[in-house]
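One chain, chain A, links the two complexes that follow: it is found with chain B in the first and with chain C in the second.
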Partner chain A sequence: MRPSTVFIYGLGITLLAFLSRDFTSLLILSVINGSIGLYLGLRRGLKFFILLFFIGLIGVFINALLFANYGEPIIIFDGFVLREMFISSFILVALRLFSILGAALIFTSLVNTREFIRSLEAELYLPKDIAFATSIGIRMLNILSRDSEEIRHIRVMRGKSRYPLTPSSFLSYLRPLLSLSIERARWIGIAAEMRGFGRRKRSVRKGRLDRLDMILIILFLIQIIIIVAISLGLT
Partner chain B sequence: MDNTRNSIYIDIGEAGYTGGEPVIKNIKFSVKRGESILITGPSGSGKTTLILALTGVLNNLLEGYVDGNISIFGINPLDPQEFTSIPETIGVVLQDPEKQLSMSTPYDEVAFTLENLGYSSNDIDRLTREILNWMGLGNKMFIDSLYLSGGEKKRLCIASSIVHKPRLLILDEPTANLDPWGVKELLEYIELLKSRGYTLIIVEHKAKYFLNLSDRILLIKDGELKKIYQVKNVKPHDLENDLANEGVDASCKIQSKGVVKSGGEVLYTVDGVSFRYSDKDEEVISNVTLEIYKGDVVLFMGPNGSGKTTLLKLLAGFYKPTRGKITLHLDGRSISLTRPTREVFYISQEPDYMFIYGSVKDELWKSGAEQDVIRLLEEVPWLRNLMDESPYNLSHGQRRWLAYYIARLYNPDIYLFDEPSAGLDLNLLRRFLTWIMSIREKGKTIIIATHDPRLLQLDINSIFLVKDGRVEKKDVKDVIGMMNQLFRGG
Partner chain C sequence: MKMGGFDVRYTAIDLAYLGVVAAVSGVIFALTWEVYYIGELIGGPIGARILSYGLWFIGAPLAATLIKKPLSAFLGETLGALVETIIPTYGGFTNLIYGVSQGLFSELVYLLFRYRRFDSLTATLAGAVAGIPAVYLDALLFEEIYPLEVMFLILIGAMISGGIYGFLSSLAVKAVKH
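Right, the complex of A and B next:
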């Protein structure tokens, strides 16, 4: 499979998720991509993405509560009122996030770093520095996942919540992750330069689409057709 | 001219990361083709900066400066144009493989170097397979590099730095984070490289491993070249003593006070404990049964990847055993340990994981009682000048000590240390050992997971050997015998 096919697929699904405004389209996107992504991602141990999804969901909840909590009351709980627009906007954004999570998991599970660099350079004509930085960023997600588990343990031991629930705890969670990642990225860059990255020429290759590329392209086209049909009211 | 092309000349007046703040100065030496040079000195003496300066990384990539002249087989790495030719001539292996490896598999890692240097696909495949087989990684070519052991990662770094047959190989702290078994294996490969005619520059504070491999030893102290030893002209004993006096770890002799009898009550009961990570099929810890006594110093020793850290995390309550039970007996209570408790403090090998606040001040004041923080600041004056700094702006050594001081402020009954001596030179190690013994005198229990035989200098109550997830109680003499056998003649 060509990494650029998976890259375009992931990018395409993300765009579709952002452009889709109705429940059915987002449900279809999230069911297809979420289920494939979770299947592949969990096999590769990419739990960190799922953690990021839930952290994102907290943000979506707070955002919907502050800016979209109007309309008919739907849930009244101990004086706390959740209204019609809150429910619908929370569900729509959560489905959108879940589709993107699925696309990210499909991409990260199927793509090999070196192949991805070559693919971005040769097929999408991206400069080598951008191709390398993008690939390494994706590769580092696996390492971030390990860091995040260590940080969670230490937080609990030091009397903090396991998961960041407030802006300040989110910052305390993010700080070590960023600090470690920046240092790692700096040295990986130096190591790559010492291995001739500065002299690297764009790789030229004439790859053909294989069966897996075709399956992914067809899956993408099916989703586009369904969503266009729904938005035009053809279903 | 021919002489220039066959030698390395280094003449650095000053070099550093910020103008006017030199880290190294007055360093002048040359290296002949095929020679092996060991650059040694205490932590913070400027060894790594010297490597960054002589490869041209300091001025070309890190925005630092180098005043002087350098010629590596006729190439001037300080010149931005010539710097691009440096990777063909030099292979550089950095200290931490985690910060060097960037590809998904060992095959890709090695192929990446060749691809950068413009080799054809056929040559990339042939040379990559050849070098990985030669470095003993042939059967792990296509697994995720994250699953390699510390020793394997180091060998992979070497493989990806020499696959294109550079004339000079530079190794920065090659034994860092390696267990004695990994070190021995690595030394055999470095010896092979030497026999193949590679010019080697090795930077290492554990000079003891490289005394026999080096033709010359350069001692760097306070950023300056203090002495050059011609190894064949110095008696080994004199060399060891001289280097040890300069704070360099030069002796392979393992010191130990033997085992001190434990007198306390039972603190931990580990009963038939096994543990398996949810995404793995094999058990990391297998059917471990042991007891740890209150006030003891306990070592869990074993190779990288043997399960020491996992065992320590089980004792911290970070993980719940898959089978069996860990019971903590404290103040007449018995707690089945399945989550962290305030009586146990785990100190990670990576200090950055330990911090949760934005400044040193918050880290200290929010970790302990006021009088304890005041006492600590009186004892450790350098902390006072860094109170408003983010912990992440401190040096690695300072971050590590800050993590220890945070642990102390939490005032736990049990300290769990994961590889606490990694990266410590002789002087820092002595300081750490003194600190450990001062905690012990307060009746605290200290449990250390390590592969470093230097920690046998502690007053130890028990040693457990951890191998392939199994734990066996050992006598100190047996452990010392095992280590000595490993490096006999080395």
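Right, the complex of A and C next:
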């Protein structure tokens, strides 16, 4: 399966979730993508990521309760009233977020990072300069995550907060991170120039789409057709 | 390469800087979810934006202050968002959509100054204006929940936060380059 196909599918589903306003469209998106994404995500051990989503839903619930609890009462218990706008708002937003989660889980579960880096230029036709910068960024993630963890550890040892919660703590966190990274970047750039980066031709991968690519494309098209039909009032 | 009369030539070192800004931004963007949740516990949706949103806008002022070339702001924010999407984080592909939109708005600031200023003023403005598309996209995601007056306060909070962190990003780059 091509990483570019999964990337375009994930991005497309997220855009559809953003733009869909009605219950039926969001239900279709969330059922299809949420269930596939959950299945793949649990197989890949992304339980913590999925747990974060449900924790986030608590925030959505509270915000809906504070700002959208009006209309006819629907649920009443112990003097606590949940009204129709709260129910519909919460459900719509939850379905939207669940679709987005599903798209993210599908991408994360099916795509290998190295293959994705290669596909940026070869399949997605990003200019080679942008693909080069992106590949450096992705490859440096592990190193930077380690640097970031060390800086946060030292902050805790010095009695500061682990996370930069104020502007001054952000500055004390960012400066060492940048300092280390810029030095590395300078030498990466010099090495690339010495190897003739400017003369390198763009690499393009031509090839047919395999069965899994076709399944994903057809699934995407089906969802678009259904959602457009719903929005045009054809169903 | 000429783009609308502006010379856009990136060396391999510029691109390496861009890659590093993308990675630094991506790591900070991923961490900002925790800051966001803490902010929401303390101050609700408005407090969360004031505390955290500026952190999600720093890719643009960081890259622009460091590289000082056209498109650096847009690329810094967009590539940082792409890295955050791959990590992955709670936002999934929405991170990329937000990143592209925020990057475009930040880039407009430098364009308005005709790419002659890459200082703390432009970094502050670039951070602040990124709040506009961010809150608009929030409205698309959550419109059923927040009334208009709350969205307005959220916008102010996001722009203030963006301005502060844009300014700080420029200070950090200047401190490191010296």
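We adopt the following convention: the second predicted complex is superposed on the first by the 154 of 235 C-alpha atoms of A that agree within 3 Å, B and C clash if a C-alpha of one lies under 4 Å from a C-alpha of the other, contacts with A are read in each partner's own complex, and residues count from 1 in each chain.
Operating definition for what follows: a residue touches a chain if its C-beta (ideal position, glycine included) is under 8 Å from a C-beta of that chain, and two chains touch if they have at least 3 such contacts.
Since the model is a prediction, treat every value here as computed from it, not as a measurement.
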Mind working out whether A:P73 is in touch with chain B, chain C, both or neither, as first, second, both or neither? neither
Pick one for A:S179: touches chain B only (first), chain C only (second), both, or neither. both
More chain A residues touched by chain B or by chain C? C
Touch test for A:I136: chain B only (first), chain C only (second), both, or neither? both
Tell me which partner A:T108 touches in the superposition: chain B (first), chain C (second), both or neither. second
Using the superposition on chain A described above, determine whether A:E150 touches chain B (first), chain C (second), both, or neither. first
Considering only the touch criterion stated at the top, classify A:R158 as touching first (chain B), second (chain C), both, or neither. first
Using the superposition on chain A described above, determine whether A:I190 touches chain B (first), chain C (second), both, or neither. both
Pick out the shared contact residues on chain A: the ones touching chain B in one complex and chain C in the other. 113, 136, 171, 175, 179, 184, 188-190, 192-193, 197-198
Could you please specify the touching residues of chain C with respect to chain A in the complex? 10-24, 26-28, 31, 33-35, 37-38, 40, 44-45, 51, 55, 62, 66, 75, 79-80, 82-83, 85-88, 90-94, 96-97, 137, 140-142, 144-147, 150, 164-165, 168-169, 171-173, 175-177
In the complex, chain B touches chain A at residues 55, 57, 61-62, 83-84, 86-88, 90-92, 94, 96, 98-105, 108, 111-113, 115-118, 144, 146, 160-161, 164, 279, 313, 316, 318, 339-340, 342, 344-346, 348, 350, 352-358, 367, 390, 392, 410
Quick check: in the complex, which residue numbers of chain A touch chain C? 10-11, 13-15, 18-19, 49, 52-53, 55-56, 59-60, 63-64, 66-68, 85, 88-90, 92-93, 96-97, 100-101, 103-105, 107-108, 113, 116, 129-130, 132-138, 140-141, 144-145, 148, 163-165, 167, 170-171, 174-175, 177-179, 181-182, 184-186, 188-190, 192-193, 197-198
Flag every residue of chain A that touches chain B in the complex, lowest number first. 42, 45, 47, 112-115, 118, 136, 139, 142-143, 146-147, 150-151, 153-160, 171-172, 175-176, 179-180, 183-184, 187-201, 203
